[in-house]
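So, here's a batch of structures to check.
Common to both upcoming complexes is subunit A, partnered first by subunit B, then by subunit C.
Moving on to the complex of A and B:
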């Protein structure tokens, strides 16, 4: 249940690529939901201009520990700065957009 | 015949927390490989309790543990732990892992989350460190973010299942509103876990009082009351219940109280391991008596603990040295430990816990507390009473000979009987009082009671001098007890009278001796007279005889010389009559006359 680096080519001149990491707990319902919700957001708002790493805590627990993961699912925006963290199954889209700094960029 | 075999009940496996008192009241500690819920309001000691259990497990048995901090940051926990003697930084490297599970306030929440991720992380960590303990501290902080009681419950069950699968001894702490005394959303947690401990912090007479109560312990007995706890150097200490049965060994060994005549009044001293109460008004020399006992104990080479309240150790030693009691030397040699406690804003419980720790550290054979009544200053009398009782039993259990003073306002030991009611549990009760008489205030010592020994019923005067305290007899004259100068005067008067009586006696004796000698002399003189007179008499008699003899001899000689016939000397005829010799008839006629007259 690990998906890594869904990299989509983008227009580098227009917007900086958003680099994100999503920590999930195997096939836990919230985690499955989070992946689906995030993919939908990316499709809708980033138009492929993003980089997403999905880390399965069940498989890499000590890495998750080192990264300070407490609850799952948990999304971290690594760049561009400022960094942001969102926890939950990302069902509240507006909050996710706000945290990712994508508010107002909706077409 | 269906005979069922009787099976011995298997006691629940427990694991010691190493927390003073708690292991006693819970009958061995927490349930091993089970979950304990620790509830309480803010600042009631939940975090310290759970962290301390982990520290003790690591230090005493080398067991590893994980502390998941949901409420405080890891470094805050380390800073708080540094106030105790745990050496947490050293432990934190290997045996005690503190997971900072504090969710930053900048974290945005979008939708539901769960704990399956962190549990997976903890599982990996547990396996890596072979941890046997885990603490979820402040789990409510994280779960309330879910804002859905049903979801919260689901996560709690998730934790329970996870704990059961992993065979961990777990402590979950959760905040509890002390007013409603129920964890708002976690009531069901109490049913889920095997052991529930409630912590409480409240103000009693303006003094914060910490309490702990085990409200549930599946499959085990436990002391169900509320027990006071305090925070010491090693963390939490719980005042565990004393065993219901009193098992004190009664020694017949006597220990000197320091003053010879006092020992004599007690029938040879205090019993080893007994408790003595000295009551008295301020300034009746309670501290001096106590100091003398402590000094004497040190001189016997016995470890001694001197506990004073509201008076510094230096001041006490200085004051005692003025009456010839030297404690400094014994403090230097380490035999004597002085402890001065402040009683303001400290509950009696805290004092007890402190004294318990002192006894454990110093291992004294003799102990003094001056004055115990100060413990009742803050925190209410009923608590102080219970503490005083426990303290005396604690010292008896430890076979410590103890002398306690208690301040009493007023002068009658019967009416006051001490606020702390220690007079009933103390073995010996000495009362010091003042007698104010003719411009003087003098100290009187009486033994109110002394269990199991003969003791004097006499009042003695306690006299202080540079040579130390001593007891003297008092004079009772005309139904009044005389002390001080009056006693001295009485003594002087008595001495003078005695001397006078002696002189009079000697004088009379001499007089009688003279009289006797005189009489004897007179007897002697009379005897001499008598002898003289006897001798004279004898001489005289002899002379007389000689004269008679010589006259008869002379007559005889004369006759012989005249040539008369030798008639018997006795013939009176030879002697011539005085008148002229008358013829016979003449005399015959006279007779006849008479006869004729008769015819």
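Moving on to the complex of A and C:
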């Protein structure tokens, strides 16, 4: 299987499902950390109302290049617009929340 | 995965090679923001448009190589040089996602996997008109693709990832070659084979004779041991498939365990609140399987 995907069912009561793509480098430390950090943020702030696709750049490097990814881990918010990108292991939660448009919203 | 070690040219201890590699990285990271990201130490790999490949940064590669204590318990028992030999022969990190199928019954096993503590893999068999049933659970204590170690290239069951997690994997053919020279690994796999057969045997009896609530408690404890966590992410549908029962059966059993304050569940997250209490609710199979693994 080339593409990794986690799809959380969206909450019909919520207005907009956040669609994200996280590019990782196999089981490299920052990549593992980024997945864990993002899952914690989603758990706390999105409560299942999100779709997250995890793409391993060792498996799909051309796709990552086509999407303009230069380094990994790299998180891209695809919708709702505006699109946004965060690079790194996502340990800076406020930066991730800002990119996801969640800053200032209570969990 | 064919590109985990594209930086082999830079693996040399020669400083010139390191300087050349650093220059190569700077060329790829042509903007200040990317260079800052690399310098921060919070990224692992860089994409090279010219070769169309992903390149692991030296720090990440070293961290993977160092990994003084591999998370997988079989690999953790190996002498350092034997583990290094496996890495050199192509043992490589991979991220797996929920539902990812590692092999199907009747198919060639192309890769073997050593799950880390973040990953669970179910070995599942299908019975016509009755759906699927889990016959064994593999986590950081084990290996997926064990028949390869016995010289059998074809899978007899489906192996499916039970969540997002990481593993070290290797092409089956290269693993067979390396296994011939890795005596500690051979011994570790003999012990694991014994323990896995015991798990499958006990699970078969458990599925026939024990109630859903006790089986669910047994399964949650086994999953928790392997994940080294009290938090397990599973839906009732998925658990029903694994235990070979209807969804409502799992819901009733989970509700009973929750009412006893042994677990708490919501939105696919199951938290074990009282481990000892859950053990008391589980059938004898949990302890029997655990004892055999611990002694193997």
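List of remarks:
Criterion: the second predicted complex is superposed on the first by the 103 of 107 C-alpha atoms of A that agree within 3 Å, B and C clash if a C-alpha of one lies under 4 Å from a C-alpha of the other, contacts with A are read in each partner's own complex, and residues count from 1 in each chain.
Heads up, the rule we're going with is that contacts are C-beta pairs under 8 Å (C-beta built on N, C-alpha and C of every residue); 3 or more make two chains touch, one makes a residue touch a chain.
These numbers were taken from a predicted model, which means no experiment stands behind them.
Superposition of the two complexes onto subunit A shows a clash between subunit B and subunit C.
Looking at the shared chain after the overlay, A:62 reaches both subunit B and subunit C. Shared-chain residue A:47: touches subunit C; no touch with subunit B. Of the two partner chains placed by the overlay, only subunit C lies in contact with A:32; subunit B stays clear of it. Contacts of A:72 after superposition: both subunit B and subunit C are touched.
Once chain A of one complex is fitted onto chain A of the other, the partner contacts of A:95 are limited to subunit B, with no touch recorded for subunit C. Contacts of A:86 after superposition: subunit B is touched, whereas subunit C is not reached. Shared contact residues of subunit A, touching subunit B in one structure and subunit C in the other: 24-26, 28, 30-31, 57-58, 61-62, 64-65, 69-74, 87-89, 91. The part of subunit B that touches subunit A in the complex is made up of residues 99-101, 103-104, 106-118, 120-121, 123-125, 128, 142.
Chain contact summary for the complex, subunit A toward subunit B: residues 23-26, 28, 30-31, 33-34, 37, 57-58, 61-62, 64-65, 68-74, 84-93, 95-96, 98-99. The touching residues of subunit A, when paired with subunit C in their complex, are 1, 4-6, 24-32, 35-36, 39, 43, 47-48, 54, 56-59, 61-62, 64-65, 69-74, 87-89, 91. Every residue of subunit C that touches subunit A in the complex is listed here, in rising order: 1-4, 28-29, 33-34, 37-38, 40-47, 49, 52-54, 56, 60, 63-64, 92-98, 100-101, 116, 118, 164, 166-168, 267-269.
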